[in-house]
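Some structures to go through are shown next.
Common to both upcoming complexes is chain A, partnered first by chain B, then by chain C.
And now, the complex of A and B:
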């Protein structure tokens, strides 16, 4: 793997983790009624992190994974790691940045409504929780895919 | 110092903070409830230990993924990633994470609402199983993750490891229930 792709893969992991941690902070901020400034900043970091991770991962996928890694996995001991996990990961990762964008828009533009309307707040908490669950599952899928490379 | 040594050190520090934090947290909880209530000072200690736990967890995750990344670049991590021990460790680490979220979501607000009030009141006693269950899951999971990471000769299959883990949690729950009934409800 060239240093460029190494850095792209590393960036994909690090920005994804950063965005996941920020989503956890948004979730905890909402359940604990923390200050909205903190929640807003974390939601912004989450969106940026997921989008940067998305772009870096996408570039790596198109220019390196498909040509070199995928054939190695398919001819290895765990070909299902691509067939099941990469296919699933790809699709989840397509909408993860947009889910975090929805959450960020909610806490940036509907602060008063979120404070007043408990059902809207619960929906925000649930959305943040779903982002965390999806991000954690995508992380595990990435680990399994990496492990399947010969 | 090369990257591998840095990451292994980070992994050990993260585990130490997590295991230590979970142990102190459970000890503080039982010490705090001895007088039948939780004071603001005791609650702030619990929150401080919880922050150390999260820090340990973050270091553990970042260093763990860093180690996997290094293996991926060098020799490949297939045997490790698909081993029963590793898969069990990942399951336990996920449980630690979601249990931590549950603690912050449900348990800490409960403490906050009941500061300086008797713990054997009807409102709190109904929710006490949730409090000690999350504590038991936390401590058993942290020690299990540490054992799974350090016990190199372990050759058990994934179901065997998970059955043993569930058994430990159930045993911990029975013990915690007994201690809580003795301390809080004086039964």
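And now, the complex of A and C:
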């Protein structure tokens, strides 16, 4: 693997993790009624993180994984790592940038309404929680896939 | 305030439409080869095609939603956000279940 692909692979993991942690901070901030400044900044980091991870991971996936890694996994001891988990991961991930963008718009534009309206706050908390669940799932699938290559 | 509510609502609708497209196109591409071939041909890779089209659908639905949405009240927004979250979750289970089924058959 060339340094470029190594960096793109690492980058997509790091930005994805950053976005996930930021989403956790948004979730906790909403649950604990934390200051909206922190919630807003974390929501923005979440959006940027998922979008950057999308681009870096996508480049790596299209230009390296398909040609080099996928055949190795499919011919190895754990072909299901690609057949089930990579196929699922690469598509589930696509939900995350859009979900995180909506969450960011909610906390940036409607901060006062989220504070006053308990239904709206619960909906925001639910959305943040869904982002976390999907992001953590994608992360674990990525770990499975990495393990299958070795 | 009205504009801000409409922005969040229309973006939520756009994201829901994108999520539905992602789940549907994932299954469709595996079951209907011409669709997958179309994505490969137009976008060099089927996954890139799904990414680009999902983004276009999000932007289009959000843009149209902003101008079409008449009621700008906040009452319906919690429900719209809930639908978005549930769509993503059900879409994820659909995708996972589909690939498990495809692998095992």
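In the analysis below, the second predicted complex is superposed on the first by the 149 of 150 C-alpha atoms of A that agree within 3 Å, B and C clash if a C-alpha of one lies under 4 Å from a C-alpha of the other, contacts with A are read in each partner's own complex, and residues count from 1 in each chain.
Assume a residue touches a chain if its C-beta (ideal position, glycine included) is under 8 Å from a C-beta of that chain, and two chains touch if they have at least 3 such contacts.
Predicted model, so just to flag it, every value in this text is computed and none were measured.
Undergrad: Using the overlay on chain A, decide if chain B and chain C clash or can fit next to each other.
TA: fit
Undergrad: Which partner does A:24 reach: the first (chain B), the second (chain C), both, or neither?
TA: Touch status of A:24: first partner only.
Undergrad: Look at A:148 in the shared chain and tell me whether it touches chain B only, chain C only, both, or neither; answer first, second, both or neither.
TA: After superposing on A, A:148 lies in contact with chain B but is clear of chain C.
Undergrad: Does chain B (first) or chain C (second) touch A:76, or do both, or does neither?
TA: first
Undergrad: With the two structures laid over each other on chain A, which partner does A:140 touch: chain B (first), chain C (second), both, or neither?
TA: first
Undergrad: Taking CA centres after the superposition, what's the angle at chain A between the directions to chain B and chain C, given in steps of 10 degrees?
TA: 130
Undergrad: Should A:7 be classified as contacting the first partner (chain B), the second (chain C), both, or neither?
TA: In the superposition, A:7 touches no partner, neither chain B nor chain C.
Undergrad: Please determine whether it is chain B or chain C that touches the greater number of chain A residues.
TA: Between chain B and chain C, C touches the greater number of residues in chain A.
Undergrad: Once you lay one complex on the other using chain A, what is the shortest C-alpha distance from chain B to chain C, in Å?
TA: After superposing on chain A, chain B and chain C come no closer than 18 Å at C-alpha.
Undergrad: Residue overlap on chain A between the chain B contact set and the chain C contact set?
TA: On chain A, the overlap between the chain B and chain C contacts is residues 129.
Undergrad: Can you list the residues on chain C that touch chain A in the complex?
TA: The touching residues are 4-5, 7-8, 11-12, 14-15, 18-19, 22-23, 26, 44-45, 47-48, 50-51, 54, 58, 74, 77-79, 81-82, 84-85, 88-89, 91-92, 95-96, 99-100, 102-103.
Undergrad: Within their complex, state which residues of chain A touch chain C.
TA: 54, 58, 61-62, 66, 80, 83-84, 87-88, 90-92, 94-95, 98-99, 101-102, 105-106, 109-110, 113, 117, 119-120, 122-124, 126-127, 129-130, 133-134, 137
Undergrad: In the complex formed with chain B, which residues of chain A make contact?
TA: Touching chain B from chain A are residues 1, 6, 9-10, 13, 17, 21, 24, 27-28, 31-32, 76-78, 129, 132, 136, 139-140, 143-144, 146-150.
Undergrad: Looking at the complex, which residues from chain B come into contact with chain A?
TA: 58, 61-62, 65, 68-69, 72-73, 76-78, 80-82, 90, 94, 97, 101, 104-105, 108-109
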